[in-house]
Amino acid sequence: MATESAAMFDTDELVLNMGPQHPSTHGVLRLVLRLDGERVKDVDVVMGYVHRGIEKLSENRDWTQIILLTDRMDYVAAATNNLGYCETVEKLMEVEVPRRARYIRTILAELQRIASHCLWLGTHAMDIGAMTVFLYAFRERELILDLFEEYCGARLTYNSMRIGGLPLDLPSGWDDKARAFCDIMDSKVAEYEELLTNNRIWLERTRGIGVISGADAIALGLCGPPLRGSAVNRDVRKDEPYAAYDEFDFDIPIGTRGDTYDRYLIRLEEFRQSIRIIRQALDGLPEGPVMGKVPRLLKPKAGETYHAIESPKGELGYFIVSDGRATNPYRFRVRPPSFCNLQGLRPLVIGHLVADVVALIGTIDVVLGEVDR
Amino acid sequence: MEITPAHYTVLSAALFTIGVIGVLVRRNIIIIFMAIELMLNAVNINLVAHAQQVENLVGQVFVVFVIAVAAAEAAVGLGIILAFYRNKETVNIDEMNVMRW
Amino acid sequence: MAETIVFYTLSVLILGLAILVVTAKNAVHSVVALVMTFLCVAALYVVLEAEFLAVIQILVYAGGIVVLYLFVVMLVNLGRSPEEHQDPRRLSVFGLGLAGAMLLEVAGIVVYSYNRSASTVTAPAAASPVQGNTQELGWLLYTDYLIPFELASVLLLVAMVGAIVLAKRDL
Amino acid sequence: MLDTVFWPLVKIVVLLNAVMISVTFMTLLERKVIAWAQSRLGPMRVGPYGVLQAFADPIKLMTKEDITPANADKMMFTLAPILSLVPAFVVFAVIPFGDDPLYYVADINVGLLFLISVTSIGVYGIILAGWASNSKYPLLAGLRASAQLISYEIAVTMTLVSVILTAGTLSMVEIVEAQRETGWWIGFIQPVAFVLVLIGGLAETNRAPFDMPEAEQELTGGFHTEYSGMRFGLFFLAEYANMIVISAVVVVLFWGGWLRPFPSVGALALLDYIPSWIWMFSKMFLVLYLFIWIRATLPRYRYDQLMRIGWKVLIPIAIANVVITAVVKVLL
């Protein structure tokens, strides 16, 4: 009784439920925080609120139908999801994708990266209280969505790729619009930097917050900008090139301290590198078909394969098993970067203040649709 | 009817008595502290009223000191209450019957 | 006339709220009643031409000390009311009686002395070279009462240090 | 009777209504200015350029259901918005909006102290709202708010001491008169104090970048999370009224109140034909615009950083400023 009442009367610990309807958990993440004053002593990350069973559903769809399910995982970066899935199946079936299709895929994936980072920057800055950046970033994201709409008709769930290539060629004049967008984006990135990079409050809120060492980051299985922020040089685009990345010049930004500010700088630099890639791809866009030779009825031979791409959030991997008889996968499994990065939240958050929790959820850039699938 | 210092003295006495009742009857130490503040205020009313009557501001000077002492008392007293509460999980004056724990 | 109305209104408010302070079940209600009491006392000071004290009363008492009380009441989040545990040796009725007796005594003295006092005591204020309530008060504080004033500041410093030492968990 | 009761009452009624209306338009101004800063239009639907939005919002708030949570402390829950609103409105009594007694309700000899002390009562509304809601986010916000307001009150009051030393009076009207006599706005004599009061004012009115007690992204709206309808509206009314008070204080203390720029330069005497209250209001507008601008630009400080700035930066500077002012005053 004595110990029980001691626990009951412990004035120092406050259990705070953050989410699933909290405005800063980027969807429906729930954190059960144990607070000492405002300092986080422990946190339970509860997820699964938007679990739709995409992996299981996929085992009952035929190979092409799955593409539109992948749209719904990371719903703010649908094109990279499509790309990862299509390339995995192509690898399984050993299909050759035409060079023009690979170029266009790269352009779409990089545009998607900019769009996703715009959303991240806006919400991250909003979480820390800079609301103007949010609207600026969404203004530019709108331009990308317009480009996608012109290409495939959809603004969010694109369903923009097919196994063996692309469903559509670029509309005429699209490449000029994309070039114009690159020019706009260049100046806008400078604008974001002006608002945040040297802002004292921004520095105080992000520098030294959520520091994680390279070794810890690897141990936790982090990927993407959170991993590179901790000075680990790992980017699937360089290490295991896919699409047409081996034909372009670009740099992978690496952080030094592994804090929130470094991860912010890395993503801002990725804006620039993405623009660089898009420009090169647009200039060198080869002529030719956009669809490879693919049978009408897809039925890969029995076997399994894993293929990863660098999505805006990190390493997005697909593991697919085909039994060679059915027109659907035998096993379909996704390695979502948001899910893996979310595992790093607990060590990042402990010891920080409540206000930092929202900043740290922002810095690892999770999309709950992808975490829960 | 004119208001004389006697009126203020009676008001002050009544307020002081309420404070005394609070101290003697309540068992929540925080409320006892508040009752003490009431008593201090009762005294202040008296001082100010008579300072006005004798047209000498010394009474008001005293009130300034009383307020300063009250602030000091509140700070230390509440600090003690908090420290006590951390150890015994109670603010009941009847349970504060040892000088150490 | 106006002063009479104001005095009686304020007196009723002060006493009513003071009773609320000592009788309220919930400590937070007590604190709020206490704030109101102090504000009414401040209004009484204005009636007594002590504007500076009225403002100090609000600033220090209502705006400072009572916030501290509220803070502590909120921190000391009680699972059970302290009134549940009663010391059998405690004589509350006796205390009540004692307080009543004291009120009677004070009232008796006041009435007695009021009936007697014809001596209009006017110890003329030490001639201060300044005019106005605030200025005169300041003058007194910094001339005749300079040492008590400085001592009060030392007292406050000591209290500050003491409060920090007490409240800090691991020093 | 007419002079002591009737006219002051009329003035009070007019002033309260003016404050209410200016607060509603203040919300519109804020939305518009922030919208322009963010390259959008802001409210455009109600009336031409959305000007009637100022009335649509209060009407919406008044007609909404007023919910009291089941486990809230009903009395305190109702009292809290009132407690935060009343002080915000009371202090308007001592603010002089023009050179004529017509433009202010009262000129009391401890005006500035009165203003500081009454605004310090406003903290009860916030703490009690947080406590009475019986919910964790509002409670955290209430604790934050009380700590924040008390700390910054000390800093601001300390700073005002140096202003009082410079002006030599506590009366708001006489502070302006003192600036007319010297011909210098105190803002030029006390630039440090000006900046400190501006920062402290932002913190005391819970404005960005110090809007910890109501940070939407951290505490889901803070102390007024559980409030709805007009009781929520009262909190907003109080917040914006407080902003207007702070702007008026800054103008009176540092920008010469109703005086024209460079009151001692005879060549600008032409400007005296502009009524004094226009000067006052246009200066207040500038300060309010500055507040909104800051909100549109800056991220939010963290709670511990805020406290650190208050205690380790503002208060020491304020004290140093008081000492320097006193020394200079004695030497001159």
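Things to note:
Should a chain be cited, it is by its letter among A, B, C and D, assigned in written order, with residues numbered from 1 in that chain.
Throughout what follows, a contact is a pair of C-beta atoms (placed from the backbone, for glycine too) under 8 Å apart; a residue touches a chain by one contact, two chains touch by 3 or more.
Predicted, not measured: the structure shown is a model, and the values here were computed from it.
Averaging C-alpha coordinates per chain and comparing to chain B, the farthest chain turns out to be A.
More contacting C-beta pairs link the chains of B-C than the other of the two pairs C-D and B-C. One finds 33 Å separating the Cα centroids of chain B and chain D.
A separation of 29 Å divides the Cα centre of chain C from that of chain D. Averaged C-alpha coordinates give centres for chain A and chain C that are 62 Å from one another. Chain B and chain C have centres, each the mean of its CA atoms, that are 5 Å apart. Within chain A, the positions touching two or more other chains are listed as 9, 11.
Across the assembly, chain D contributes no residue in contact with two or more other chains. Of all residues in chain B, those that touch two or more other chains are 85-86, 89. Across the interface of their complex, chain C is touched by residues 1-4, 6-11, 13-22, 24-31, 33-35, 37-38, 41, 44-45, 48-49, 51-52, 54-58, 60-61, 63-65, 67-76, 78-83, 85-86, 89-95 of chain B. Residue ranges of chain C in contact with chain B, taken from their complex: 3-4, 7, 11, 14-15, 18-19, 21-22, 24, 27, 30-31, 34, 37-38, 41, 44-45, 48-50, 52-53, 56-57, 60-61, 64-65, 68-69, 71-73, 75-76, 78-79, 81-83, 85-87, 90, 92, 95-96, 98-100, 102-103, 106-107, 110-111, 114, 121-126, 133, 136-137, 140-141, 145, 148-149, 152-153, 155-156, 158-160, 162-167, 169. Residues 73, 75-76, 79, 108-110, 113-114, 116-118, 120-121, 123-124, 127-128, 131-132, 139, 142-143, 146, 150, 153, 170 of chain D are the ones that touch chain C when the two sit in their complex.
Partner chain D is touched in their complex by these residues of chain A: 14, 16-17, 22-24, 38, 125-132, 135-136, 139, 195-196, 199, 201-202, 204-205, 353-358. Taken in their complex, chain D has these residues touching chain A: 34, 37-40, 136-137, 140, 144, 208-209, 211-212, 215-220, 296-305.
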